[in-house]
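Here come two complexes built around chain A, the first alongside chain B, the second alongside chain C.
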Partner chain A sequence: MEKLFQAVYGGILYGSIYGLMAIGLTLIWGSLRMLNMAMGALYVVGGFLTWTAYKQWDLPPLVAIAIGVLAAAVIGLLIQVLLINRLLGRSSFFNAAMIATVGAAIMIESAALLIYGPRVKQMPPIVAGQSKIIGVVIQYQNLVIIAVTVISLIALSIFLKKTRYGLAIQAVSQQMDAARLMGIPTVMTFMIVATIGAAFAGLAGSLLSSVFYVSPTAGYAPLTKALIVTIFGGLGSIKGTIWAAYIIGILEAFLIVYFGAGFALPVLFLFMILMLVIRPSGLFGLGEVQRL
Partner chain B sequence: MMQETALSESGANRTAQRLDPAAVPWAKPSRIGLAAAILTLLVLPWVLNSFSTGRFAIHLLILFFVWGIVTQSWNLILGVGGIFSFAQVAFFVIGGLASGVVAQQFGVSPFLSIWLAPIAATLAALLIGLPSLRLRGPYVVLLTLAFAELVRNFATQGPKWVAGGGYGLRDVPKFGFENLWGATTGRVAYYYAAMILFLITTYVIWRIFYSPIGMSFRALRDSETYATSRGVDPYRFKLLLFALSAFFTGLAGGFLLHYNGSQAPTILNFPLTINLLAMIVLGGWGTFWGPILGTALLTALPEILRGPLENWRNMGMGLSLALIAVFAPEGLFPILSRGFKKFFGRKDKAKAS
Partner chain C sequence: MLKVTDLQAGYAGSEVLHSLSLEVRDGESVVVLGPNGHGKTTLLRAISGLIRPTGGRIEFDGQDITHKRASDIVAAGVIHIPQGDLPFPELTVIENLLMGAYRSDAWRQRKYKLEQVFELFPVLKERPNQLARSLSGGERRMLALGRGLMSKAKLLMIDEPSLGLAPFLVENVYETIRSIRNTGLSILLVDENADHIADLADRVYLLEAGSLIKEGGASEMLHDEALLAAYLG
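Coming up: the complex of A and B.
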C-alpha cells in the first residue's frame, strides 16, 4: 500500500513536470510543424531569472516566478520574430528551423554562462515544509508544482477552446491554408504560440529550480524528456501530450519504486521503442498528413 | 549545379545501372591536386613536430580526422538520406565499447579488436534502422534519441566491465606506437593511422555520393513515392544507409578509444551531438565537402579563439548557426564554391576569347 501510494504520487509529480515541458513543444509543432530545440534554453532562462529575482532582488516567490516566466516568454517571442518568421514558407523549413533554434539555444546557454558562471544555483523551496501521509513523505513544494501544472493546463485548454486566439491556433494547426483563407493572421498566431510555448518552458524552469539545480546546461535533460513525451503522445496533439506525460511519469515512478532506479530508464526507452513500432505516429498523433 | 542536372537526367538510364560520364566526377579530380593534397598531409606532421606548439596541432589534426569520419557518415544519413537520426554518437560509443572491452578483458591486441568496432556499430545500426523504417521525420528523432539514451544508460550504469562504475572505460590498451618508436615518431604514427582511416572513409563516401546508390538515397529523400515507383526499394536502401553510416562511425569510435586509452560516457551528452551537427550544417548539409569543411572550421576555430575570446566562442558558434539557418541554409561550402567558380570561371573565359 505504501509502495503503491509512493509510486502514484511520484508518477503524478513526474508527469506534471514532463507535461509542463512538453506542452510548449507540442503547441509549436501543431501550428508551425517544427521542433523548437531552444525549449531547454528557455527552461534555463526561467530558472535563472527566478533565482535572480528571488535571491538578489529579494522579491516574493510568486513575483519571482512571474518574472522568470515573462523573461522566457519574451526570449521565445524574440526567437520567433528574429529567426523563425524569416524562415516561413521555405521548402527546407523543418531543417532550417531546427538549426536556427539550436543556434539560439547555444547563444542563450553561453549568455547564461557569461552572466552566472558555471556554478549551479539552487532556489530555496517556494513553500517549505512536508508531511507524512500513509508513510510517504510529501513535500509541499511538490504539491505546489502539481497544482500549478494542473491549473495552467486547464487554463490553456480553456484558452484554446473559448477565446478567439485559441480558436485561431486550433484552426491553424488543423488546416493552415483553410485558416489563412478564413482571414486568420497566421504569422500573428505563430507568434502567440511561440510565446505561450516559451512561457510554459520558463514556468517549468522556475518551478523546478527549487527541486533540481539550475546551471547553463541544465536544459538538455528536460528537453530530451520533453521531446520523448511529445513525440510519444503524438506530435501536435495536446490531449496526447498530457496523457503521454502522465503515462510516462507513472510508469517511471512504478519502475523506480518496484524495480529500482537502474531499471527505470532502460525499460522506459524499450517501451517507447516498442510503442513506436506498433503506433508509428504516437498515441494521438496527427497521422500521415503530408504538407506539400 | 551542372553535376546535379547531369545526375538527374541520367536517372532515365537507370535500367542500364550506369551514369552519364559527365556525372562521374571521381574519374575527373585532377591527379596533381590530389597528389599535392596527400603529400601535404604526409609531410605536415614532420613539419609540425619541429615547432613547440606542433604537438598539440597534431593532436588537433587527429581529432579532425576522427570527427571528420563521423560527420561525413552522419551527413550521409542526415543530409543525403534526409533521415533525422540522432544515434550517430551512440554508434560511435558502441564501436569504442566493443573494441575496448574485448581488448581490455581478453587482452586482444587493439589492432585486432578494432575491427569489432565497425561490426558492432553496424549491427546496432541495423537493429535501430529496422524499426525506424516505418517512421517519418520527427518520429525518427524520438526513436534514435531513445536509443542513444539507452546506450548512455548502459555506458554509465551497465556492468562494471563496461561502465567502470560511471567513469567509463579506462586504462584500455593503446595502439602503443609511442612505445615502439618514441613519443615524437609515435605521435606521427597515430596521425598516419587516423589519416589513412579518414582517407579511406572519404574515398568510399565519395564513391557512394556520385553513384547510383547515392542517387537513390537522394531520390528517396526528395520524393519517396516517386523513387519507389521508379524501382528504388526504400527498405533496402535505408538499411544500407544506416549500415554504411554506422560502419565508419564505429571504426572512428574504436580508433579514438585506442588513441586516448579511455572513453568517458559523457561524450553521449547533448553538447557533442550538437557540435557535430553544427559542423555538418555550417559546412553544408547534404554536400560532399560540407562536413569536411565544417569539421575543419569547428576543430580549428575554438582553439584559435582561445584566450581573450574564450568565453565568447560558444556565443559565436550559436550566432553563426542561427545566421546560417536564416541567410545561407545550404551552408558555407556551396557559397564558397560558387564564389570560387565565379572568380576562376571569368578567368577561363578571358583566356578562351
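Coming up: the complex of A and C.
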C-alpha cells in the first residue's frame, strides 16, 4: 500500500514536470513541424535565472520564478526570430531547424558555464515543510509544483480553445494553407508558439531548481523525457502530450519503486519503441505531413 | 477592382501560368472555365498569395498586391475559398467560422457575421459544436463558404464549388453562390464545366494550358455551344 501510494504520488509529480517540458515541444511541432532541441537549455535558463533572482537579487521566490520564466520566454523568442524564422520555407527545414536549435542549446549552456561556473546551484524550497501520509513523505513544495503545473496546463487549454490567438495556433497546426487564407499571420503565430513553449520549459526549470540542482547541463535529462513523452503521446497533440506525460510519469515511478531506478529509462525507451512500432503517430498524433 | 496583368506563376521549376491577364470589375461576377490541370487553382493561389508569382502584376483596388503576404491580401478584402474546402478538422463548426473572421476588423463584427452565415446555411446552425472532420461533404462545402463569408470580403474567389459533391447538392451550392452574389459581392469563380453558371456569370474567360484564350459576355459565350463543346468536351 505504501509502495503503491509512493508510486502514484511520484508519478503525478514526474508527470507534471514532463508535461511542462513536453508541451512546448508538441506546440512547436504542431505549428512548425520541427523539433526544438533547445528546450533543455531553456529549462536551464529558467533554473539559473530563478536562482540568481532569489539568491543574488534577494527577490521573493514567486517573483524569482516569474523572472526565470520570463527569461526563458525571451530567449525562446530570440531563437525563433534570429534562427528559425530565417530557415522557413527551405526544403531542408526540419533538419536545419533541428541543428540550429542544437547549436542554440550549446551556446546557452556554454554561456551558463561561463557565467555560473561548473558548480551546481540549489534553490531552497518555495514552501518548506512536509507531512507523512500513508507512510509516504509528502513535501509541500512538490504539491506546489503539481498545482502550478495543473493550473498552467488548464490555462493553456483555455487559451487555445477560447481565444482568437489560441484558435489561430490550432488552425495553423491543422491546416496551414487554410489558416493563411483566413488572414492568420503564420510567422507571428510561430513566434507566439515558440515563446509559450519556452516559457513552459523555463517554468519547469524554475520550479525544479528547488528539487534538483541547477547546472549548465541539467536540461538533457528533462529534454530526453520530454521527447519520449511527445513521441508517445503523438507529436502535435496537446491532449496526447498531457496524457502521455502522466502515463510515462506514473510508469517511471512504478518502475523505480518496485524494480529500482536502473530499470526506469531502459523500459521507458522500450515503451517508446513499442509505441512507434504499433502506432507511429502516437496516442493522438497529427501524422507527419511535411508542409513548410 | 481586381486587375491581373501578364501573370506568371507555378511550382518549383515548372511554370503553370504564362502571361495571363484578367479583370474583375466592381460588383461583377466572373467565371474562368478550363479543364482540369490547366492552371485554374494555380491562378487563385497566386492571387491570394499562397504561391509567389514569378512575373506580372496583380492589383486590387488600385493597390499592388503581387508580392504581398497572404494575410495582407486577406486584409485588403480578397477571400479565397479553396478547392477541397480545407476545413480545420479538429475545430468545431463555430470555431472554423470564427477563424474566417480572424482579422481584427472582421473579428469585431463576428457575432453579427455569424448570424448572417447561419441564416444562409441553416445546416451549420444546427451543429455548431460538431468537429469539422465529422461533417459530410455537402456540409463541409457550406462550412468553407460560410467561413469565407465571415471575413470582410470585397472579392470572393471560389475554386470549383461542385467538386466532389453528390449531384443533388450541386445545384444547391450554385443557388447559394447566386444569393451571395446578389448581396453585391464581386465574385471570381473557376470551374470545369459551364452547366451551372449561366445565371451567375457576367463574363466568362476560357483558360487553356495556363493562358486565357477567349473572353466574352456570359450570354454569348455560354450560347456558343460549338465553342464550349470543342473546348470543354
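By definition in this document, the second predicted complex is superposed on the first by the 287 of 292 C-alpha atoms of A that agree within 3 Å, B and C clash if a C-alpha of one lies under 4 Å from a C-alpha of the other, contacts with A are read in each partner's own complex, and residues count from 1 in each chain.
Note that in this section a residue touches a chain if its C-beta (ideal position, glycine included) is under 8 Å from a C-beta of that chain, and two chains touch if they have at least 3 such contacts.
Just so we're clear, the structure is a prediction, and the values are computed from it rather than from any experiment.
Enquirer: For A:G282, using the defined touch cut-off, is the partner it touches chain B, chain C, both, or neither? Pick first, second, both or neither.
Expert: In the superposed model, A:G282 contacts chain B only, not chain C.
Enquirer: For A:P185, select first, second, both or neither according to whether it touches chain B, chain C, the two together, or no partner.
Expert: In the superposition, A:P185 touches chain C alone.
Enquirer: With the two structures laid over each other on chain A, which partner does A:A96 touch: chain B (first), chain C (second), both, or neither?
Expert: Touch partner of A:A96: chain B, not chain C.
Enquirer: Which partner does A:F269 reach: the first (chain B), the second (chain C), both, or neither?
Expert: first
Enquirer: With the two structures laid over each other on chain A, which partner does A:Q170 touch: chain B (first), chain C (second), both, or neither?
Expert: second
Enquirer: So, does A:T224 touch the first partner chain B, the second partner chain C, both, or neither?
Expert: A:T224 contacts chain B only, not chain C.
Enquirer: In this superposed model, does chain C or chain B come into contact with more residues of chain A?
Expert: Counting contacted residues of chain A, the larger count belongs to B.
Enquirer: State the interface residues of chain A toward chain C in the complex, per the touch definition above.
Expert: 164, 167-168, 170-171, 174-175, 177-186
Enquirer: Hey, which residues of chain A end up touching chain B in the complex?
Expert: Per the stated touch rule, the residues are 29, 35, 83, 86-87, 90, 92, 94-97, 99-100, 102-111, 113-114, 217, 220, 223-224, 227-228, 231-232, 235, 262, 265-266, 269-270, 272-273, 276-277, 280-282, 288.
Enquirer: Applying the document's contact rule, which stretches of chain C touch chain A when the two form their complex?
Expert: Interface residues on the chain C side: 48-50, 69-71, 74-75, 79-80, 82, 86-91, 95, 98-100, 102-103, 107, 147, 151.
Enquirer: Residue numbers of chain B touching chain A in their complex, please.
Expert: 131, 134-139, 141-143, 145-147, 149-150, 153-154, 157, 269-271, 274, 277-278, 281, 285, 311-312, 314-315, 317-326, 329
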